[in-house]
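Common to both upcoming complexes is chain A, partnered first by chain B, then by chain C.
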Partner chain A sequence: MSTITPTRRPTRRRVQARERREWLTAYLFVLPATLVIAVFGLFPIAYSVYMSLHRWRIRKGDFIGLSNYTSTFGDWWGAAAFFGGLLLILVAHWLWTDAFRGDRQGAPTYAKALGALTLLGAGVAIALGWGLMMEAGNRVYLNGLVRTVYYGFGSVPIQIALALVLATLLFQKIRGQQLFRMLYFLPYVTPAVAGAAIFRNIFSPREERLANQVLGWVGIEPQRWLFETRPVSQLLFGGLFPDASFTGFWAGPSLALVVVILFGIWTYTGYNAVIFLAGLGNIAPELYDAAAIDGADKRQQFRFITVPLLAPVTFYLTVLGFIGTFQAFTHLYVMRSGATRDAVDTASIVIFDTFYRRNDFSMAAAQSVILFVIILILTLMQNRFFGRRALGG
Partner chain B sequence: MKIGRFVLAALLALLLASPAMAQEAVDYENVDPSGQTVTFWHQHSRERETALLEIVEEFNTTNEYGITVVAEYQGGYDDIFQKMVALLGTQDTPNIVVAYQNQAATYQLVDGLVDMTPLVESERWGLTQEDIDDFFPGFWQSDIFPSFDNQRLGIAPNRSMEMLYYNQSWLDELREQGLIDFEGPPTTPEQFEAAACAASENAFSGATATGRPYGYELSIDASRFASWTFAFGGNVYDAETNRYTLDDPGAIAAMEFLQGLFEKGCAVFVSEQYGDQTNFGAGRTLFTVSSSSGLPFYQSAVEAGAGFEWNVAAIPHTTPEPVMNVYGASVSLPAGHTPEETVAAWLFLKYYTGTEAQAAWATASQYFPVRESVAAGLTEFFESLPPYQTAFELLDYGIAEPNVPGYDFVRALIDSEMAAIMDGADVAETLTFANREANLILDDQMAQLD
Partner chain C sequence: MADTTARERRTAEAAAVEAQAAPRTARRTREPFELRLAHLPIYFLLIVGALVSVTPFFYMLSTSLMTLGETINRVPLPASPQWSNYQVAWSEANFALYFRNSVIITALVILGVLVTCTLAAYAFARIRFPGREAIFMVLLATLMIPGTVTFIPNLLMVRGQIVPWGSWMNTLPALTVPFMATAFIIFLLRQFFVSIPNELYDAAVIDGAGHLRFLTAVVVPMSKPVLMTATLLTFVTSWNEFLWPLLVTTTPQWRPLGVGLYTFLSEAGPETHLLMAGTVITVLPVLVVYFFTQKQFTEGIATSGLKG
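Take a look at the complex of A and B:
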């Protein structure tokens, strides 16, 4: 051993020196991007956290700790239960799919049962926590979060599904394919302000506007659309159940918010379809040929070839879609009005109002941080649920 | 929020974190403003900008001190406000800025504006008592801020007023049909209701638009709330106690009245931007309440539409005399500049609010001038637009909305609660809640002065 050691040391030193040079070169290459991300991405986030911990309106005041968060949540136990519940969903999924798996395929029954129980617990914790927060917290902001959830879950799945169908149709050999692609993509490149203004006109409460005209053709009374603050469930079933109370989360979004959801679907479906088309182009045609020889019809080919192989694209669009809807601002700002009251005020609108109208910069910063954390958890959930399957582990 | 907004917030925060800008008393008497260049941020565009630039040019070429004013269009009121908030405390603020009173109050939370009182009272640079008396009292007072020790944080170069626009031809038809029993515009809420309800069921014969007729189109807006409250003898703010009074009996009566109109189908919301103006011009809407600054647009709408006889009037009231809601942005002097620049900026404002410039400005902008003496020079203009003269004669009855910080936020609150009331919410309960919230917002804002 002692005779070998001296010959090895210089070799290792040479390797380390070369590696160091390579690392240095690599770090120099990533340095500009890192600086840009740090200055324009991480620093503002950190600074928002800093602002949120101070009394800060037009000018910076005293350090107030978590006071802004306390007044937003109202009840820390409620917040703990709510966010704990969200994390429990991740735990439940892990129990259901991974825990105790070992070398076997799939988790054993008792693990799945435990996962189901955890999921149930997560639901109870979220509901309980939310109730406590709504009692004592900032209802304006919390209701904004609820509308954000409505908007995200109301628009993204439909956008994705419609886009997938459209892309599949456009991928066939049809005449005017390029024209259709362009037409479907147009809403995405239309300025949001212009698109929202047109939607305001179409969905105006006036009986002579397009949406109400269409309803008139099928014998339905004109609706107030963007001015309608009542939940859609009440509009649909209020007549059948006149004594029922259509309030709370399960009453669903207002008709005004549904119009905004329609706007989101209109805007992003074409964009998603174009991305799906790129994904479809990467699927080997031989797979379809082989499936056809094996007797698979078009529906089965779509179900067992197209959908699974587009999973990475679907995952990408879903993640971006939810992040986008949770951050959405411009069209919501255009489509709101005095008569709409707060029916379309999602979290980002509430934050804007807190910042510019109330001049409460620290509260707006705290609300931004909370929204940021929620988006982060949501992205983690999507990654946990679909990421591995979509990205092949 | 998007990263960009985080960046904006952070940059604002950094700028605003600079040490507080304490103002020191300045002796303006011995300041020499000669040769100064001052910037003026405004929101006027198109014809109004042209007229303003002419006034600026006239000042630049005639003032004896060689002062040069550079007028810069900086977007709308909100754009200017957002830029100003970011720049307060730096020397990058303009020397003159357009600001609503509540915006000025927000700037002053960090001593962002110059108190103009020493300039107004200055023997060398100030206004004579005769000059001051020439201003309409309501306009003159609206820039004195009780919540900031009665400092003068602006001076009015123009004002607008909330007016009732009415279709006289349609009213005549309704009277001929025996549906109403008064001549001219309605002066009481009862007359207004009778006419609005009759109109909503009896379309104007000359209407050029199809669809059901509207008696009154109400736009959800805090200024409408204030106007109707004033007309019912109430107020939205008590300047003596510095508290909101949104649940004032006058406010409750006014909202109950409007709610009643909605319940009876005699009133509807304005559902599209300027939709009330368009409908009015087409003879589809009998009444609207809107700013006098819209007079030229109403005139165009009627000429392009049904071409009927129309006019403006005081909002129907329960008070012995009309009480009119006057408003408008003033011009303020941001702090942080040299006394020489400040005096130079003030001298331009003195010129801008002088009789000669006011006559030119009122004619071109169709805003109201701020001096009574300007009326003499507006004879031709009165003849070309008779409703303007009607409105002008009501200026003595004007009072203003609150000039306190955070009023923008309160306005949004009022909008929301007003819409709830028109949708059937209990009026007293809603306004009690709104008043409590508004005063909490006020306390929150004023706490920044502690």
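Take a look at the complex of A and C:
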């Protein structure tokens, strides 16, 4: 220690020795946390890939290559079209915004037309690819993915929109802001098992339970809620079009899955609102004053100041929301029962079943790797759509 | 990952603005209250929102105090609260054991997270070393990895089928060690440690202190609020953990409350009142902690959320 007194200029070798000691300290500090995260967070991904390439029912068997993936997708051309279509969406967005941007004028018309065409192509590729996969692939898993998509796209946008409204309202000069904020946040801290247990009771098919009572007040017949496996569209319009068939993707989620979506909204809206509220606090009030002087009304201020300046927060919440719904497990697991059949079995539930009930470890690993890749692509997309605007301010 | 620096810059800006924003909100709430007609619709909407978020809790509480007969009839409130329901649920479902387990598991996880993440966050924030950015980025990337992707290899590992260290099933380490470090907490603490002025460290070095001394004697006492936030966040995630304890506890010995409640759910059947009493027992500790720390809690989450 005495060598480091500021009066004596340290020689090069001493500096190096000191630096090395610093490095050693740093590595020792970082080691425990890195070890835990590497062993239980990173290594499993590589090992999942490894497992998915072997026959593995409880014990490890022979190397079987990609056959787990083949039987999941059913048709490699379908899978290629599907994932290619997802990537094409990114290309379309790039064409629309950046590809031909020479100056600040934005993309020329033909670039936008090209972008729109690519988007159309992406849609066709996804639909065709999905059709091919559904014909020959693992329907249980693929249907699980569809339910995951319903759940994510059904709940995240609503969570975020409602949260933005609540946060804007809370940000006004009102009394009891603290109290409201606390109440909105309650569902988020509640253990998911407990929340799901409560929802299971409220949305039970029995007539005396809360959900059916509320329906009774407005004169609607009691519903089967979590036991209802038919799609909502059929429940709503089945009486009008008795001959129509309500199947396939566009028939929408089952009522049971809608209850799960409601649970997602109930849990995360308050959390999102609290974060939006903090984001609103970060916007300088001078901006609103300046806009008001320029004659912008409240709605314009919201559209041109609040929304763009909250874009980073929105991005963060969307990414978090989608990762959350794609890996959601606990409440789905608790809310499902024999009568629910497979109505709320999202991809993660299917993975769990493949692993736990059917003991097909390698197939479950393959399914989880596919889910991971989909989450990666989704995050990339969100980064592309929102992240850009977020950085642009 | 390419826009890291931009994101970090944004974070720094956000932190700076936040510092200014705090007194502004305070000033705003201290203004004399006046009920304006224009605010009525706002209150109306806010109250509707609050009702929606609180109703399930109300339902849980009132049902937990009913008799079996009352749960079948359409009554919103019990005629006379049946406090004995809690006693019955508590003893019937072994909640005493599950409760103790949850407390021990959560306490150990919090301790582990605080130690490992404080050390790591300090190194990432204040020491220059080769590979610092790379390691930090890799750790952050794990935030995107869903638990459904990692649980299969992790379970095999805990069963001793990957590394021959014997089976950890139904033991305390299996329930705690995998959670003893998270990238999110490291990130949260690092943000704070970066803001500590260098002069303090220089002074400590002159006094003969090394990094560890500086960390324990200066940095930790200065960081109490952010460490408190880390504790609370870890408490809630650990208390609410479900999938992993479900997999690694095949006997009740170390089974935590959440999994205990789940097994009770399938056993209690139509006895809704007992079921809801069990649910209250599971939820109550979190709610109590939340009520007493809610300001710090929500603000901690809000700022950490913004920093994501």
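What we mean here is this: the second predicted complex is superposed on the first by the 353 of 393 C-alpha atoms of A that agree within 3 Å, B and C clash if a C-alpha of one lies under 4 Å from a C-alpha of the other, contacts with A are read in each partner's own complex, and residues count from 1 in each chain.
Following the convention adopted for this analysis, a contact is a pair of C-beta atoms (placed from the backbone, for glycine too) under 8 Å apart; a residue touches a chain by one contact, two chains touch by 3 or more.
This one's a predicted model, so the numbers in the text were calculated from it and none came from an experiment.
Superimposing the complexes on chain A yields a three-chain arrangement in which chain B and chain C clash. Legend: residue contacts after superposition of the two complexes on their common chain; A:365 is shown touching both chain B and chain C. Contacts of A:51 after superposition on the shared chain: both chain B and chain C are touched. Of the two partner chains placed around the shared chain by superposition, chain B and chain C are both touched by A:43.
Looking at the shared chain after the overlay, A:34 reaches chain C, while chain B stays out of its contact range. By the touch criterion stated above, A:338 is placed in contact with chain B alone, chain C being left untouched.
In the superposition on chain A, A:201 makes contact with both chain B and chain C. Of the two partner chains, chain C is the only one touched by A:316; chain B is not.
Put chain B and chain C next to each other and count what each touches on chain A; the higher total goes to C.
In the superposed pair of complexes, A:275 makes contact with chain C only, with no contact to chain B. By the document's definition of touching, of the two partners only chain B reaches A:353; chain C does not. After superposition on chain A, the stretch of chain C whose C-alpha atoms clash with chain B is 151-159, while the remaining options among 43-51, 151-159, 187-195 or 277-285 stay clear. Looking at chain A, you'll find residues 40-41, 43-45, 47-48, 51, 200-201, 208, 327, 329, 348, 351-352, 355-356, 361, 364-365, 368, 371-372 touch chain B in one structure and chain C in the other.
Considering their complex, residues 1, 4, 6, 22-23, 25-27, 29-30, 32-37, 39-45, 47-48, 51, 162, 165-166, 169-170, 172-175, 177-178, 180-187, 189-195, 197-202, 208, 210, 213, 266, 269-271, 274-275, 277-279, 281-282, 284-285, 312-313, 316-317, 320, 323, 326-327, 329-330, 333-334, 347-348, 351-352, 355-356, 361, 364-365, 368-369, 371-372, 375-376, 379, 387, 390-391 of chain A touch chain C.
Interface residues of chain A, counted against chain B in their complex, comprise 40-41, 43-45, 47-48, 51, 56-61, 200-201, 204-208, 227, 229, 327, 329, 337-342, 348, 351-353, 355-361, 364-365, 368, 371-372.
Taken together, the chain C residues at the contact with chain A in this complex read 3, 6, 10, 14, 17-18, 21, 24-25, 28-29, 31, 33, 39, 42-43, 45-46, 49-50, 52-57, 59-60, 63, 72-74, 115-117, 119-120, 122-124, 127-130, 132, 135, 138-139, 142, 144-154, 156-157, 162, 177-178, 180-183, 186, 205-206, 208, 210-212, 236, 239-240, 242-243, 247, 257-259, 261-262, 265, 272, 275-276, 279, 282-283, 286-287, 290-291, 294-295, 297-299, 301-303, 305-306, 308.
For chain B in complex with chain A, the touching residues are 1-3, 5-7, 9-10, 12-13, 16-17, 20, 78, 81-82, 85, 88, 106, 109-110, 210-212, 219-221, 269, 271-272, 275, 405-406, 408-409, 412, 415-416, 418-420, 422-423, 441, 444-445, 448.
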